[in-house]
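Dropping the structure in here first, questions after.
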Amino acid sequence: MDLNAILNEINHEIRPLLGQGKVADYIPALATVDPGQFGMVVTTNDGQIYAVGDAEQKFSIQSISKVFSFTLALKADPDALCRRVWREPSGNPFNSLIQLEYEAGIPRNPFINAGAIVVTDSLISHFGGQDQALSALITFIKETADTPDIEMDHKVAISEMHHGYKNISSANLMKSFGNIHNEVDTVVRTYFHHCSVTMTARELARSLLYLSHHGTDPLTGTQHITPAQTKQINSLMLTCGHYNASGDFAYRVGLPGKSGVGGGIIAVVPGKMTLAVFSPALNEYGNSFIGTQALDLFTTKTGFSIF
Amino acid sequence: MDLNAILNEINHEIRPLLGQGKVADYIPALATVDPGQFGMVVTTNDGQIYAVGDAEQKFSIQSISKVFSFTLALKADPDALCRRVWREPSGNPFNSLIQLEYEAGIPRNPFINAGAIVVTDSLISHFGGQDQALSALITFIKETADTPDIEMDHKVAISEMHHGYKNISSANLMKSFGNIHNEVDTVVRTYFHHCSVTMTARELARSLLYLSHHGTDPLTGTQHITPAQTKQINSLMLTCGHYNASGDFAYRVGLPGKSGVGGGIIAVVPGKMTLAVFSPALNEYGNSFIGTQALDLFTTKTGFSIF
Amino acid sequence: MDLNAILNEINHEIRPLLGQGKVADYIPALATVDPGQFGMVVTTNDGQIYAVGDAEQKFSIQSISKVFSFTLALKADPDALCRRVWREPSGNPFNSLIQLEYEAGIPRNPFINAGAIVVTDSLISHFGGQDQALSALITFIKETADTPDIEMDHKVAISEMHHGYKNISSANLMKSFGNIHNEVDTVVRTYFHHCSVTMTARELARSLLYLSHHGTDPLTGTQHITPAQTKQINSLMLTCGHYNASGDFAYRVGLPGKSGVGGGIIAVVPGKMTLAVFSPALNEYGNSFIGTQALDLFTTKTGFSIF
Amino acid sequence: MDLNAILNEINHEIRPLLGQGKVADYIPALATVDPGQFGMVVTTNDGQIYAVGDAEQKFSIQSISKVFSFTLALKADPDALCRRVWREPSGNPFNSLIQLEYEAGIPRNPFINAGAIVVTDSLISHFGGQDQALSALITFIKETADTPDIEMDHKVAISEMHHGYKNISSANLMKSFGNIHNEVDTVVRTYFHHCSVTMTARELARSLLYLSHHGTDPLTGTQHITPAQTKQINSLMLTCGHYNASGDFAYRVGLPGKSGVGGGIIAVVPGKMTLAVFSPALNEYGNSFIGTQALDLFTTKTGFSIF
């Protein structure tokens, strides 16, 4: 299969759609991103890289960082974690707070904000502090992305803090149930910082190869997590990776994936390859409008759905 | 891979667990089923059948019937259906009614009861009445299961009617929003009747081969649905097939599947095979306790997860 | 205090407002009522009657009938009733169903629809059937209104049945918890029939004198309920008598009262008098727009608030 | 009527009940209060004082302070306030957060915690800071209680801060909707401080005389609020003054009132007198167990219900 040709086809087919969707505008640092960008990268388990468009453009990975933080937390203390966050889809966002309250402060899964905040809290406890947790996370991303060039964007993180009252609200609610162990301020600040990491589509696709190869980096041989844990992360991405459009993404694309409001989406073809797309304009569910279309086209053209 | 040996291993390993879980007891007809039964069948796309235990025992397929009714409705009128039922996981059952009310009577997916009731309503409209809809459904099951020996258990259906106030409640709520087109009584009666179909694990595994082969029966060559529709059904089974334990089933088993309170579970290995297990005692989420364990063992032993 | 003069003042002051609000239009029989009507009656405990406007116009009392049915049920079996319906305000209507589900099928108070349906169910059980219950209710209203001329409007009742899916939904939900003892159809039909009673403002004001006189009709001396039960009904009308505007009515008018979508509102000045107003156009909360204004003016002019 | 004799009777009748209920124990400062205390005071509009039991014991007034802060806010800026907090009962506490979210951060009434936090926020804005707002509140209480001896208990306030995650959660949720204008930390700290005021039953009864006399202190002649505002506060106390037992309190006692978890309850007989009771052990709804009984006995013996 000629993946170069397929990526070029996709690039050609999505061009007329550029301009649809809307860039995230709740913080200034994200609102000023050029919405006309599109990049897409495929990295295969044997190390081939196929890229098209703005594949080398750094962007804010936002919620895609939850995959890295959850992986790190699974490595650190899997047993504790599974008592503090469920692994079920969360239904409609309108009832996120009632669900947290009804279910005694245990969030539904690690990919909704409340769940990722608990994961962050567990990393702070495990590594001994905010700086140590962030440092461990950046080190992990650098290793998996095979590049020293990974940084957080403090301006974005601080801007999020100033508009993050809903996240601070849910963190306090979980704290009231004893499911946040560190200071709420510290936890939320750490959470916003790890969301502010900037990466390129090429780096993202490279960094997630361990998820298409049973937990072991196929190029370096480093085992990051067990095959069973890899299956768990992939299944969680499939059922919970795209906010309230997770079912729709599974239905249309048919691959485990995770999106971020910065316009990135990553996806995994188990046993074969990883994908990363970047296009900043979002659909009504907060997922990249063009990115979702591009991945839909990819599985349609290649048949690489898991279903 | 020696699937016979693997099924025998599984049969051996789950025997000590028989006795755990609890048979559904909200209607007499289900409560009297022997909880000590276990049967498991694998049918491959090339027609091989591997079976162990009570594979020839007829049981009430209950919610597994939703896969057949949804398939039939997709064939009949896919466009209308997608405006009347979403395809997202539903979150916690405690908020099913508020979700219906909040979302204007549109149920979250075709595998929760409210969604299957809308699907049933669409079949009644399409086929011109309750009897015609049920007849079309039974004909479809007979064809896919390759046997004339498929029947409904009217005693079970009537017993469900007498304890089905919650379903009648949600059907009336949807009717108040205009999302039930026929009389509520007719729709709910039809729904309970199609849930009362009895089948064996062998028949179930055979009947669902179209789902592991892009919509076409691999043995007869009959195309039932399109490849895209097949992907949709499989993705819905993965995200929504096991009530409030759908995420957990995806996490542990890693296959599209659908369970019923009669103790059956079916699962699909896309491109390869289908599975059916039967064991009546249920876990706290209403899924077969032993059946879930057996499928977990199967994907662990074979590596046949989609992730 | 010259109550005649005050009623004339009110009549004069509200005239310019006629035309605001909107007649209930979910059933044809109510939609065709002339919105330009206004009538108001005060009946004092010593038998004086002060009336202005359309005081002799029959109209559908709708939810005001809940006061009569609850009074009758309190007489019949107060102990049973207090286990089957709470006496707390219900908050926002959007969560009525979740509240019912969360609180095991026990409605919050007898003046929301679900509560009045339980009250109706208890009357059917107590009197031995639908006809007997309705007959007892009509007899009670005739006695308190001191007139033989009280009837139900079957056309309205049947029309409500055909649009009452939400009420049927909540009745089935309560039935699933065992809090409806008779057939749902029977209970809901009875409920809609007692809501369809037609009365004039003059009859209504007369009929409720027992609530301003400790449970005993001040003109005939007949004791209908105890002083304690009277206090309970008045307090329930104050906290729960006007749907989601109960607090606002208490805040502005400051009297126990009960409204109906037919445009009627009754109110009680404990120890002194009763009031009934009629004007069919409703405000956004489903209470008579002019009626609420008129009662507000009345307590402002007379100082007859309980606060 | 011999109110001394009635208070002595009540004191005698409730003595056998002492020991029932449970002192608030979520913060140490409240948990150590002697549960065996009971005091009751009646102050009439002509200045007579009737007292029994521990009428001179200082205790934490907690939520009773919401009456003072709301009065002060009504004086300061009634128009702004009525757009920022509704005046409807809130239904069940389980849905407080969903209600806030559903209703765009506008709390249901000023006597639930979220509403009182908005009131506090408005006082901080009006008076120009936390210290100024608290100072104005203490000054107001001193004036109405006719004593210079009113203080806050900082130990209690700080202890509340350390266990107040649910309140901080709801304040952040309201902040996300723009309905908190100052820093969340400042607002919540101020809120907990004004709840920590300690007073005796005698002081409380004295201080609220303006509510039984149309907004004007009957002994000094000072007008604090208008008659209309007085009616509003009394109606809000009746519909919303006792958490999820407000309807029950109205039903049993039949007077506007407000309770606090410190064991105090105040009540108003409009036009006649005010009452304050103190007994620290609480019932399941968080209201003084003995205090509620004592007020029930009082209205039963005197007939001084508003209904």
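As written, the chain order gives the labels A, B, C and D, with residue 1 at the start of each chain.
FYI, a residue touches a chain if its C-beta (ideal position, glycine included) is under 8 Å from a C-beta of that chain, and two chains touch if they have at least 3 such contacts.
Bear in mind that the values here come from a model prediction, so they are computed numbers and not experimental data.
Least step count on the touch graph, chain A to chain C: 2.
Contact with chain C and chain D alike is made by no chain in this entry. Chain centre most remote from that of chain A: C (centre = mean of CA atoms). Mean C-alpha positions place chain B and chain D at a centre distance of 56 Å.
For the pair chain A and chain B, the distance between mean C-alpha positions equals 32 Å. Annotation: 48 Å between the Cα-based centres of chain A and chain D.
Residue positions 94-95, 98, 102 of chain D are each in touch with at least two other chains. Pairs of chains meeting the touch criterion are A-B, A-D, B-C, C-D.
Residues 94-95, 97-98, 101-102, 165-166, 168-173, 175-176, 184 of chain A are the ones that touch chain D when the two sit in their complex. On the side of chain A, the complex with chain B involves touching residues 86-92, 94-95, 98-99, 102-103, 108-109, 230-232, 234-236, 238-240, 244-248, 250-251, 254, 256, 270, 305-307.
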